[in-house]
Amino acid sequence: MENAFASFTAPFTASGRAALVPPPPWHYAGWLLNVAIACDTSASASLVPPALGRLTGSGCIHFADWQATTDGRELLDPIYAQYRETIIIVEIELPDGSLANFCPFIWVDQDISLIRGLLQGWPKKFGATSMTRSLPIDHLAAAPLQAGTKLGASLCVKDRRLVEAALELTGNPGRPLGFLANRTIGSVGWPDLTRPGEPPHLRWLLPDIRDKVASQWHEATALVRTFEHPVEELSLLGELRAQTASVGWIGITVAGAREAAL
Amino acid sequence: MENAFASFTAPFTASGRAALVPPPPWHYAGWLLNVAIACDTSASASLVPPALGRLTGSGCIHFADWQATTDGRELLDPIYAQYRETIIIVEIELPDGSLANFCPFIWVDQDISLIRGLLQGWPKKFGATSMTRSLPIDHLAAAPLQAGTKLGASLCVKDRRLVEAALELTGNPGRPLGFLANRTIGSVGWPDLTRPGEPPHLRWLLPDIRDKVASQWHEATALVRTFEHPVEELSLLGELRAQTASVGWIGITVAGAREAAL
Amino acid sequence: MENAFASFTAPFTASGRAALVPPPPWHYAGWLLNVAIACDTSASASLVPPALGRLTGSGCIHFADWQATTDGRELLDPIYAQYRETIIIVEIELPDGSLANFCPFIWVDQDISLIRGLLQGWPKKFGATSMTRSLPIDHLAAAPLQAGTKLGASLCVKDRRLVEAALELTGNPGRPLGFLANRTIGSVGWPDLTRPGEPPHLRWLLPDIRDKVASQWHEATALVRTFEHPVEELSLLGELRAQTASVGWIGITVAGAREAAL
Amino acid sequence: MENAFASFTAPFTASGRAALVPPPPWHYAGWLLNVAIACDTSASASLVPPALGRLTGSGCIHFADWQATTDGRELLDPIYAQYRETIIIVEIELPDGSLANFCPFIWVDQDISLIRGLLQGWPKKFGATSMTRSLPIDHLAAAPLQAGTKLGASLCVKDRRLVEAALELTGNPGRPLGFLANRTIGSVGWPDLTRPGEPPHLRWLLPDIRDKVASQWHEATALVRTFEHPVEELSLLGELRAQTASVGWIGITVAGAREAAL
């Protein structure tokens, strides 16, 4: 049955005005705390689909405070624009030997971003991220961008803390890490309730990225701590050992996606 | 590419433990305030896909306080079990002349229910529902099930009140209304980001319902008020005129779905 | 300076309409899970003010899902009426040798209840309580009041789980426990910012309770688990060992308070 | 009865570790949207206590995204540090003819700030503030500090929008407005439940401010819209007519308070 309605996602109406997610392009700008990690690879086959290869043991945790818009309207009604999320990125070696990023877990605090992420292959669920912001003033509460400033971040999933990080700025320039430094392959799939016993067919997508800009990155040292959780499977990565870290701002526009050639 | 992983929904892991939504059966039990409404039909073609026919001018608003579980485990960790939602039901006349229910709009406050609903064709977005509960004691704050008791309900979507209702129990038995009284056809569709300009193909599903039980229903009179909203399209139904109402408890199990024969 | 304004609490206006807390009487009705506990008494002097004596080693954790109103208006706009809280009750032996209850810690999820509680001497802070509800239908998701039904409860404070409990109904009648079974002395005090180095003078209050009604109580066995927290001091009570438990509904009206004669 | 415990606010323990509010100094840094307003003065006597004089018809709405700390520890666990609020400031002419600010209404989204505010005489209740942030990058979603950038802000109280504002940067330097430009007198009072029929005695406090720093202010034009509310009394100020506006960052430390000499 053809769909004569304009909605990109539910609810489906002729105008599409009420659709939870408008079609791309999606413009994002955010404040990010990035912590490069080393992780165990022994559970690689439990996390990385065979088509995507295997864990290398490198990765990144991003804590992100986003502002997103389609045509600018959400910036005037910012409850539609803002959300925070914690992103786990693992580096994978694809079957052809090349390296890419893969996101096994990600938690966000807004419905629009949840669905927009699932459509791109970010496996979003709800979680509450807190993260220190850096303000451009010199005050004890402002966490300015200078050597010695300390920043924290944490994630709570279903009323349990799952991850926390403590950063300290070194005063040196930092590097883009994690999804900021290499392509990230997404996994998209929707189960069909008429076959309730079958997991969904999965597709692998790469985003069509435009207009990527970043501020200078600021280097930090970091400590990461994770906690047991009865539902989450972050422990498949073993102990997460922080390597280096960086903080800064990024802007990025996603116009769509293409199939990843594997 | 075949999916060797067990997850019914993202995130996709070998065990499926972290999946946001486990596979059905899904067991639900809830406290419901049901308000039968008359609505305008002039915007029928903006709300009801051509394949599903047209609005009859009848419908129902349900305010629901749910508790849901798969195998019982969520009842021991109730942050996984509980959520509230406001459900707009319209009656439609299908092309074959038969009557059915259709849900153009629904708002919920939990991620699990959001995705579980979208898979069934309930077009869920986030919204905050408040609703008076009736407690089985005789006290001024308990809203007991007796003539003269008043109960209220409201829905807030993105920080704006969208619907509110005031009910008063008559002391008479009530009737099941809305989705409690007839089958409800769901519309399922997921856009494909590799074709970002196209709305999704839609399918029409009917739930496979088992183990449906209800308490006695208690009749109420009701008033409904709706408010303008810059994004929501509830105003396509015109003024919602409350007809009758009922309150009570229902239990229902959904085991999957089948295509609606249209 | 005399206060010509009617507000019982801030904000202070002539009409008092916007005051966060209207004056009593305050009518409450709620669903409660009560878990009697044994606790350590070695930190008694860190928790119980000298004027109030000492811990006996008995206590109770209440998980409560409340509905409160002043003159009935909040029941028609239930976002003003409903909240949940977790209440720690310890039994104390007063200097005169009599027994009473004392609440060292309590966490709630609504601003109105927070201030109303502080005025009565309940030391409320924000925390998120989840608790299974029992619905009067026979369904897997309904947790009906019968032997073998399992119910859970949990408390999260600043994104960390602090307490969780698992109950199983025995099918036998239960008892009122904790604050349901004896008077509870409250501690009220407000610091004065013109003397920022001084803790507040404390007063001991007993509530003026009227119209107390309860449903039958249903006995349960229980397990309790507590977790470390960097700010909360629940660990001063040592390991909390569940003794017996009960569930049911209570209605209570508070008309004011009087000084506790110590 | 003397209080041997260290807690500045409830809960009261020997160590004071769990107290909701630690004693000052309190260090704040935040991102502010300030909209100078003209308002009606006809309801002056309903809002301004006689001791404080009368409304002049000028005022300001501040939307603030704060980060606060005592000794730095909250910056490493930012769920303790961050909150947002909407502040209504009115200018008053004191009985001696001098001008001051007074805050009749303010809404915040965190328990710590709620109590800390009440102690200073800010009449805080819960409300949800959303506000566009400006990020130091050139991207469509970043709202950079340059002419033509649009920013929005809104306040929701008990699930109803109460205020919204739309700003557009002019590219010119802006001015400190509202509480940033003059002293603000606070009103502190706590009712006594042993006399439940009496509103509290009120005191007037001025904060002891130290270490006040600000970024450059950026001028904006603004539109403000307010909405009816069944509980809030913002409508006592009549139509709020935006005059000018500014955005920027501020840091401020409060060490205590003193009585306002009236």
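So that you can tell them apart, the chains are marked A, B, C and D in the order they are listed, and the count of residues begins at 1 in each.
What we mean here is this: a contact is a pair of C-beta atoms (placed from the backbone, for glycine too) under 8 Å apart; a residue touches a chain by one contact, two chains touch by 3 or more.
In this text, all values refer to a predicted model and were calculated from it rather than measured experimentally.
Participant: With contacts counted as defined, which of the two, A-D or B-D, has more C-beta pairs across the interface?
Facilitator: When B-D is set beside A-D, the one with more contacts is A-D.
Participant: Taking each chain's centre as the mean position of its Cα atoms, how many Å separate chain B from chain D?
Facilitator: Computed value for the inter-centroid distance: 39 Å.
Participant: In whole angstrom, what separates the CA-based centres of chain A and chain D?
Facilitator: 33
Participant: What are the residue numbers in chain D that touch two or more other chains?
Facilitator: Touching at least two other chains: 77, 79, 130, 154, 156, 159.
Participant: Please classify the inter-chain touch graph. Allowed labels: line, ring, star, complete, other.
Facilitator: Graph shape, chains as nodes and touching pairs as edges: complete.
Participant: What part of chain A is in contact with chain D in the complex they form?
Facilitator: Residues in contact with chain D: 27-31, 67-69, 72, 75-79, 81-82, 130-133, 135-143, 150-154, 156, 164, 166, 211, 213-215, 249-253.
Participant: Looking at the complex, which residues from chain C come into contact with chain A?
Facilitator: 128, 130, 154, 156, 159-161
Participant: Hey, which residues of chain C end up touching chain D in the complex?
Facilitator: The touching residues are 1-18, 20, 23-24, 45-47, 49-51, 77, 79-80, 104-106, 110-111, 114, 118-120, 123-126, 158-159, 187-191, 193-197, 199-205, 230-233, 236, 255-259, 262.
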